[in-house]
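Here come two complexes built around chain A, the first alongside chain B, the second alongside chain C.
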Partner chain A sequence: MSTHGHSDKFVYHEPGLQHQFSDMEQQEESVSIGMWMFLVQEIMFFGGLFTAYLVFRSKYPMAFAAGSNHLDAFWGGLNTIVLIVSSLTMALTVYYAQKGNRNLQVIFIILTMLFGATFLGVKAIEYNDKYHHGLVPIAGLNLRAKGTAGAEQHPEGKPCWEVAGHSAEPAAEHQYVNPKGEFEWADCSLAKLAQDEGYLTTAEQIGYFSNGELDGNKFRDKVRIFYYLYFVMTGLHALHMIVGLLLMTWLLWTAYKGYYNADYYMPVEMSGLYWHFVDIVWIFLFPLLYLLGRHFLHAGH
Partner chain B sequence: MAEHHHENDHEHIAIPGYLGVFAVLIVGTILTYFVATIDLDWIFPGANTLVALLIAFTKMACVMLFFMHVRWSPRLIWLAVAASFFWLAIMFAYVMQDYLTRSTGVFTQ
Partner chain C sequence: MNAQDAVLETGYQSGIPPVNYLNIKTTLASWLLTKDHKRIALMYLVSVSVFFMIGGLFAATIRLELLTPASDLLETGTYNKVFTEHGIMMIFFFLIPSIPAVLGNFLIPIMIGAKDLALPRINLISLYIYWFAGALALYGLMVGGVDTGWTFYTPYSTTFSNTYVMIVGLAIFINGFSSILTGLNFIVTIHTMRAPGMTWFRLPLFVWAHYAVSLVMILGTPVVAITVLLLAIERVSRVGIFDPSIGGDPILFQHLFWFYSHPAVYIMVLPGMGVVSELISNFSRKKIFGYEFIAFSSIAIAVFGFLVWGHHLFVSGQSPYAGMVFSFLTMVVAVPSAIKMFNWTATLYKGSVSFDTPMLYGLGFMGLFLIGGLTGLFLGSMGLDVHLTDTYFVVAHFHYVMVGGQVIAYLGGIHYWWPKMTGRMYSEFWGKISAMLVFVGFNLTFFPQFLLGYMGMPRRYAAYPPEFQVLNIFSTAGASVLGIGMLMPVIYLVHSLKFGKPAGDNPWMLPGLEWRTTSPPPLENFATPPVVTWEAYEFGEGSGLDLEEARRRAAAPAIL
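And now, the complex of A and B:
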């Protein structure tokens, strides 16, 4: 790599070169290694949550599968596709920045922002659904609903594995009663299935049972762990999307002003790295949160 | 790395290349969904998750190599990427070797 090789008669500086770097190549390499160091820390940041997921899922796999089956894989899948399209438009933004094409740059930044906003909109629909079904894991943060007189939340005398409460297709007659806005979960049929087929984990054999009987309340509290992780992981991811949209707003303005050209486009490339990173996190969140127990639904259990 | 940057050196892959990567990502997403609906527990319990993660890692590799231009990046970037996964693996491995070897505190079963 060339060090200070300037002649003292005439020093040519490329317009985008900051004074602390000797040439564009060194500047680009420094900027991208800095951005990658930031992304490595982001990987560790999300990695902590994936570790928590790993620990609790390995302890209570059936509660996780039950919780996951209630998430809507259609919305999750749609959001995955929306993010992949936005990744493509982001990659094309960088491509046209390298080409020095201002108009296409601006168009693709706007498209990227539109897809980013669509993602957040779908997320809002999903969170709203959780709010209306008593699935926010913090007491009091769910929709409060007083039942009509005599309405029972859990059909009296029915064991929890025969309740069709929060299964994938709630029974039509099931009425939402939740006077204090608490986390609610009635269906423990997957725990029953694992018990019958003999593959409960040791933690499950203790964690789901009271006096040798499947306990709906104890199972609910394990499903609740899944929903805690769901909200923290997707919430943190959504926060990154919001930051990404702010970044895109700034990028849109500077691109519109024509700051970037074939010689200087690093801000576009670095914002792209961030955007793609957020996409990668979702690539893992989608199967791990939305699809992990899906095969139980389709296997006819 | 020591060589000088040429004018069109940073062009990486042209638009057909980006569209190809995009197609792989979309197919991967659809495949993830349909594989998740098939019960693979007859292979071994948790086989579904393994397949889902394999697809996710493939998709991630495509995004990193081509969209994030790691494919054309200096070795230092490759090192940063590899180190981050290595550190992540340390975190998973050490946490799990703790949790998987703990007693439950109950001496039945």
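And now, the complex of A and C:
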């Protein structure tokens, strides 16, 4: 990094130049390094969660595959596309800020915000689906009423690997009762598959079994860990999206007022960096949560 | 005579420069809304002192309870809360912010010749976050406290403890962002705000140490933040990844926690090493030996510090092969610390050593850190650690590093830069007395604990077998000496604010950039933006410092 000459006291100060800097170049460099450092700490913040995901997926791959397969890759994929396009509109916002084109800036900020809001809307649809299917890992936060959900009916007498999967026909109206809003999961057929094929991990050989028998309840607990991580990771990501939208609202106002031009566009560029970061986190979340284990959907069992 | 000289001259005549960062505005709002790094540093100084005293009161309570073998002063449950709160107050609210947020904040911009930190608003925000988190933690203590130990191990903290884990955990989560923002600010500032001529290898080693610390703050703190957040979610929702009853892993908590908290112990000693590099070189009036080695050993400590967390898990059910690797890496991280020790010693050799109060602390640091560091090797050896885990040996070891290291260096730094911060000189006589009391009291408190630990006295118990009483009495007696030694600076430093002799700009004739501005410095630190033409710790002709002139200006410091 270069060192910067300090200007004398009575020089022309550009608008937007803070008193502690001697010129815009120094200010831009500082703000930029600051933002990158902030993103580094964000990576470490999510890094803890990714580590936790890694640990439990390598311990209980079958439970994670089962849980993952119930997530709807359509919604996840749609959200991925929405975020990638929003990154494009964000990049164009920065481009037009540098060009000093106020109107296109405003248009692309609005588009970016629309895509961000779409993402959150889709997320809400997905969370709502989990709520109705008894898949929120926190006891009491699932739909308590009698429902018409898929396969969460209590398997009377059936071994857990013969319980129909979530794609099976709905149970009759009065069979499904979840009075306490518990986490519900019945199907352990993937564990059975892995047992038959002989590739259960050591942790699974302990974690899924009671007295040498596959135990649906113990399998459910591991799926519950998957959904716990799903909600924490996507929840924190959604929180970052909301912060991003607040940032965009402020940016929209200042851009509308015409604050940014070829000489002063750092706030736009920094907000852009943040926005891209949030997108990139999702690019990792999507395959880890929605796609890994998907091949089991086509494995005969 | 140019403008700067005029200001200096006026300052010399009246004792205190007429316009400085302290008297330029004096309203409450001018303090609470300031973006001046020096004022923020002073507010940090007052705040961390408050938390230090609270933590100290808990320490005093612990030592009083341990005066007798039976648990008679406190119930065992209360004792659990007291040692937990001692740890939380001291680590999260005193040690971590102490040197960086007070001395680093005050000095880094001055030492590199900048007007302020690069992001002054972020700096003020970090102070407010710290205040908010501290208030929340105090609230948690007042409504009932927390008894998990400062490490919050699961599943006790998530499932069983019925104390206020949530509030205090949340406070620590929030406080983390204060330290992240401080670290971020330092990194940016050191990269972009250096004065013309202030190259990387002309930076004072204090700045290098803070660069390393800032890296640790940025890379480590978010991990403990997410860990504490997961703990909080788990405690509220009664489900989570640390719960063994559903296949979760409580050891994972320890891994995630120590991934931050081991590097955090370097947050708690690297700034101290930075201060000591300044003290040793300046009070030996000799260019520091092996500048580059000390600079890079700080970076090496920061990097290797991230690879040794597993040595806290030797007996937690970690694989012995992982244990061996962590044990080896623990030995590796001792090397850069040893490099520093050797270089400081070599700096002293044939130097013109003077024993002013700050230097007494600097030398005290070298002795205490040596013991603390070497006993760390005992604990880092996997086999021996099985015997010493969770005994008073561990307690003694980390107090030697944290108190013997960071607190001693912090006190040394406060004394060293006090004339610069306030423009006043404290009583050298009382300074020396207190430095010696702290040194003696500290050793008397904690050395017996090595013996106790080696004999098998476990930590975190309110009661102990009667045969350990003699050494515990030594320890408690030492703690009272230490307490008095620590209280004395509060009195004579505050006294000096009003009655101290004007210190002059450069009371010890030192070449550092901070000594080339007025005491206290003006609002933007220098009357004329400095241009650096000298190497760091240059005491000879090359320093460009007119010693005759400096001597003439300096008010005679009060010497014992």
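FYI, the second predicted complex is superposed on the first by the 266 of 301 C-alpha atoms of A that agree within 3 Å, B and C clash if a C-alpha of one lies under 4 Å from a C-alpha of the other, contacts with A are read in each partner's own complex, and residues count from 1 in each chain.
In this text, a residue touches a chain if its C-beta (ideal position, glycine included) is under 8 Å from a C-beta of that chain, and two chains touch if they have at least 3 such contacts.
Here the structure is a predicted model, which means the values were calculated and not measured.
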item	value
Touching partner for A:Ala124 - first (chain B), second (chain C), both, neither	neither
Which superposed partner A:Gln205 touches (first chain B, second chain C, both, neither)	first
Which superposed partner A:Tyr60 touches (first chain B, second chain C, both, neither)	second
First, second, both or neither for A:Leu273, with chain B first and chain C second	first
Of chain B and chain C, the chain that contacts the larger number of chain A residues	B
First, second, both or neither for A:Ile242, with chain B first and chain C second	neither
Contacts of A:Leu49 with chain B and chain C, given as first, second, both or neither	second
Shared chain A surface residues [contacts with chain B and with chain C]	1, 29, 33, 37, 40, 44, 47-48, 51, 55, 59, 203
Residue ranges of chain B touching chain A (in the complex, touch as defined)	1-2, 4-5, 7, 10-12, 15, 18-19, 21-22, 25-26, 29, 32-33, 36-41, 45-46, 48-49, 52-53, 55-56, 59-60, 63-64, 66-69, 73-74, 76-77, 80-81, 83-85, 87-88, 91-92, 95-96, 99-100, 104, 106, 109
List of chain A residues in touch with chain C within their complex	1, 3-6, 18-22, 26, 29-31, 33-34, 37-38, 40-42, 44-49, 51-52, 55-56, 59-60, 137-139, 183, 203, 207, 218, 221-222, 224-225, 228-229, 232
Chain B contact footprint on chain A (complex, rising order)	1, 24-25, 29, 32-33, 36-37, 39-40, 43-44, 47-48, 50-51, 54-55, 58-59, 61, 73, 77, 80-81, 84-85, 87-88, 90-92, 95, 98, 199, 202-203, 205-206, 262, 269, 272-273, 276-277, 279-280, 283-284, 286-288, 291-292, 294-299
Complex interface listing, chain C residues touching chain A	114-120, 122, 180, 183-185, 187-189, 191-199, 218-223, 225-227, 230, 233, 237-241, 245-249, 252, 256, 259, 524, 529
